[in-house]
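Scrolling down, you'll hit the structures one after another.
Look at the two complexes coming up: chain A is in both, with chain B in one and chain C in the other.
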Partner chain A sequence: MKLFKKELPFSIGAPAIIWQMVFFYVPLFLLTLSSIIKISSQGHFESLTLDHFAALLKPAYAKIIFRSLFLALGNALLCLCLAYPLAYFLAFRGKRFKNILLFLLIVPFWTNFLLHVYAWYYVLEREGFLNNLLMKIGMIHKPLILLNSLFAIVLMMVYYYLPFMVLPIYTSLERFELRLQEASLDLGASWFETFRRVLLPLSWPGVQAGFFLVFIPSFGEFAIPELMGGDKQFFVGSVVSHYILGETTGSLGAAFTVMSCLALLLSAILLYSVMRRLFKKTWNG
Partner chain B sequence: MRSIHLKNIGKSIQGHRVINHINLTIPPGKFFALLGPSGCGKTTLLRLIGGFEKVETGQIFLGDEEITHLPINQRRINIVFQNYALFPHLNVFENVAYSLRIKQMDKEVIQERVIRILKAFHIDEHLFKYPSQLSGGQQQRVALARAIINEPDVLLLDEPLAALDFKLREKMLIELIELQDKLKTTFVYVTHDQFEALTVADQMAIMNHHGEIEQIGTPKEIYEFPISSFVAKFVGTTNIFSGRLMENDEERVISIPELGEFKIPHTQKKEWMKPGCDMMISIRPEKIFITKKKVDKFSNVLQGIVQSIVYHGRSTQYNVRLRNGFRLQVFEQNEEHFPQEVFDYDNEVYLYWQKENVVLLEK
Partner chain C sequence: MNNLYKHVSARIGNLSLIAATYLFLYVPIVVLIVFSFNSEQFPSPWVQFTWKWYRELFESVHLWQSFINSLIVAVSSTSLSLILGLCLIFYHAQGGRIGKFLLLFYGNLVIPETVLAVSLLAFFALISIPLGFPTLIIAHTLLGLGFVIPILTARYLELDPKMNEVSLVLGASQMQTFFKITLPLLRPSLIATALLVFIISFDDFILSYFCAGSTAQTLSLYLLSMLRSGVSPVVNALSTLLLCLSSLLVLIFFSIKARSRIF
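What follows is the complex of A and B.
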């Protein structure tokens, strides 16, 4: 038995660990390395340097990082606001439609991402579905410019990331029975109090998981701002790809990536501790 | 301590009639048991009283106040759920303090009241444990403490002991009776277990499969004088015979095919009893005397052959085959270590009973 306990976890985890090493830690290490070395014009190693980082210490770059952080935060918050009621509905009111509704939530992932984008083009373009509809019912008189805007980016982001928020919240809610809510009401609590003191703390792990599942990847999101925002909106993803793919700017791109990752890490830690403190107060108050 | 009146209550769930025009008065300050087979709608009835289900037709009164459409959190009624529904993220103290915190009572008052009630339930040493760290019996007590700390007018208990083992259940039943005695709160206790209902109830109601109430009365009335074969069979064990009612000036008898005529009491008079009508009788197994000898002080006798013997400890159950193939159950108290008469398989025996112990039932 003892042998089992000791040996099994590693042998089971090994493929994943090796995978993680080869495709994540090694590239990350190489990337970090390339951000701090200087290469001669002949392509040889010259010396270690922080020049690339120094070159990035400009307000313009900080602005891009902050803009990306805000986009990620906004996306995560919007997703949370939409996902919580949806997850609640699925978990407690879905009844026999529960599985069908969950299925419908996942179905869009079966088609290619680019197809989603084109579908949204069709909806949002000048002569598109939405403009036509709004004109027909007389809400607007001339077409709105919807594509190539922050609005289009956020819309697409929320659309794409919503399931990542819904599923963890749904799973955390689903484990608890309706009885707990009934017990809370029975003990004199209002719906709001029940949400605050029972539902929220119980679903908290799901909320946290969903929040970071959305927040972290949306920070580096490249395709959506690029495709929906035209060339007006610069975010971290576009800058990284621009530099890394550039002929002479590879090291600069690496340095920018490292910098962005640090910014992301810091803000994630900050958000985590703020959320913890905020909600501990909420349900113990 | 207030009464509950149900007036013509009806409820369907998914097109299925669960509660069928129930009229019921639950007296104030009494321990009331609602007994019925699984799926008879007794839990639904309890949930209607608690406000967890919407009333379709009829009215519910708490005392003189109508509460038919009053929200759950405004009813002075609390419930103990079958699986307790303790909040898993709160410890024992916080669970019990929940309703007081909602009322925004003073911290010291809350502390004092919670500790007092937990002491009374002997769980004050587990104050900071979480529900998952408690045994079934302890969870049960926490759920009870949480429900009564707010001093409700009525306490609803939905099969609260179903998850406990037999010994603990017996102990908790006694504790519940004592608690009710002390608080004088109206208790409504739902169960499918006749033993529990008979033990705790001052008054009880029996529900049938059609979502109707068959009989209301004290446990003794229900057990000794069931009004239908459903009640007779559901509460306790019984022997039921079908036959025809025969009446003359002095005697009333039932004629049972292949077995003969048997005397039945004069005293029970019902509207349906007409000479010549089909009817049933119920005789409880413990009211039958089994012996190998002839005795003459009894009004009725049957002969049979012992087919099986089940030893229960305090009593022994004999299954006796009668002439018509029917199997009759008899309970004998095991009063002595060495009884005078010992029965064995295939013994021929006489079965005696007094006509006063027979219950007449409509067919």
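What follows is the complex of A and C.
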């Protein structure tokens, strides 16, 4: 390619990079900066400070961050448990239903998620579908309160994030041939052995991608806890939005955002290395 | 015999798990659609079939305004991110090195959207840009770039470099080569990516919530206000129509051969 000279200079590629820098990295940097500076009442810069972070060193805030981490982790694991069999089925057993099943999986994924929240209201309401159904078959005698609970939040999270997990696993499973699995079974391995020694290692990249595609956004999720959890369930997303949208709590909000991002980053790195060690220990050792 | 029995029971177990998963996905949607045709408001049971909520839906000015707003934002942010992305790829196609810069765009996947939204909000406030269509389009373009650039460069790198070289050797300019060779080869992935980015922007809630201000009410924000004000069958009717719309888009997406490459 060196033979041919460039007709247009670097500036042709630059707008995308500038856009990304100006509207993505600069705001993030400024947000971080605003968490460590003190601003006087006239709006002038005074000094660098860690006061905002000190104000956050309370068990209540740590609890919120841990709750969000557990919610994200739980969501990712639940999605994984549901998604793996589904992806397996789609990749190997779907046959002529494969396309229609994939279609049915993607349609809700491509529809506004507020509609799904709305739809679950119908199912989970006091006089909703589920309560009616359970009462009709006589499993319960008075309606359960399902909305505005942790249960509703987790349900909605799994519902919304499931395709994020299924699609990467499906892609990684689809790439390799069924014959590998048949060979393993022919050579006398059990189903479980085959799964553990052939299927899982080969689809591991998909599992990992799906895991983080679910884990990271669900940590910052604020709409689902807000809409499904009533006003008692606090997670990182809702706290960040309350503080940032508040009149006087801007820098506290910034500090909290930075702190939770650090917590997310650390736990993601931790999870990643645990997964890698698990992988190495199980299959390369 | 024992093995066969095990095999069959495993198959049945797997099948029922799949069925349960799809039931989980579709029960709420079916309930939603059914109630859009019920003449009485929820929580009343099924009474009678009616079209009246759909009629009411088509008369609601507010809703159509927000629908159009969402379309404007989605179309402009999709085209902006595609143009920006293609410019970068054109530079790459000329032999420019963008490897390092590519990493920049993975940030969009790593940072939770809520964090991006609040930092943008603070940024717009700082440089005193009023919230509205421009800010929303800026934010959504960012979202689009996070998909467009990684996907398109990956597809670009999979193309046969000989094609380019032949065209150049035969005397075409870089520009001609790009528009007559590279772009047509990339077209399926281009359309698929455009659809993906369009729908992501159209359905986006978090960025809209923070960056839209009061002038650019999108469909998501309208839906939020409807959700807060309580259940109305008009929303069910709207949901049914939106589900049809997204089914249509998914069908188009499926008919493009490049589909399996995107996920």
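In this section, the second predicted complex is superposed on the first by the 261 of 285 C-alpha atoms of A that agree within 3 Å, B and C clash if a C-alpha of one lies under 4 Å from a C-alpha of the other, contacts with A are read in each partner's own complex, and residues count from 1 in each chain.
The working rule: contacts are C-beta pairs under 8 Å (C-beta built on N, C-alpha and C of every residue); 3 or more make two chains touch, one makes a residue touch a chain.
Being a predicted model, the structure only gives us computed values, none of them experimental.
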item	value
Fit or clash - chain C, chain B, common chain A	fit
Which superposed partner A:231 touches (first chain B, second chain C, both, neither)	neither
Contacts of A:25 with chain B and chain C, given as first, second, both or neither	second
Cα-centre angle that chain B and chain C span when viewed from chain A, reported as a multiple of 10 degrees	80
Chain B or chain C, by number of chain A residues touched	C
First, second, both or neither for A:193, with chain B first and chain C second	first
First, second, both or neither for A:201, with chain B first and chain C second	first
Partner chain in contact with A:85 - chain B first, chain C second, else both or neither	second
First (chain B), second (chain C), both or neither touched by A:177	first
Which superposed partner A:127 touches (first chain B, second chain C, both, neither)	second
Lowest C-alpha to C-alpha distance for chain C against chain B (Å)	5
Residues of chain A at both interfaces, chain B in one complex, chain C in the other	none
Interfacial residue positions of chain C with respect to chain A in the complex	6, 10, 14-15, 17-18, 21-22, 24-29, 31-32, 35, 42-43, 84-85, 87-88, 90-92, 94-96, 98, 101, 104-105, 107-116, 118-123, 126, 138-139, 141-142, 145, 149, 161, 164-165, 168, 173-175, 199, 202-203, 205-206, 209-210, 219-220, 223-224, 226-227, 231, 235-236, 239, 242-243, 246-247, 249-251, 253-254, 260, 263
Chain A-facing residues of chain B, complex	50, 52, 71-73, 77-79, 81, 83, 85-89, 98-99, 102-103, 146-147, 150
Of all residues in chain A, those that touch chain C in their complex	1-4, 6-8, 10, 12-13, 15-17, 19-21, 23-28, 30-31, 34, 82, 85-86, 88-89, 93, 99, 101-108, 110-123, 125-129, 159, 162, 167-168, 170-171, 174, 191, 213, 216-217, 219-223, 227, 236-237, 240-241, 244, 250, 253-254, 257, 261, 264
Parts of chain A lying in touch with chain B, wherever the complex brings them together	176-177, 179-180, 182-190, 193, 197-198, 201-202, 283
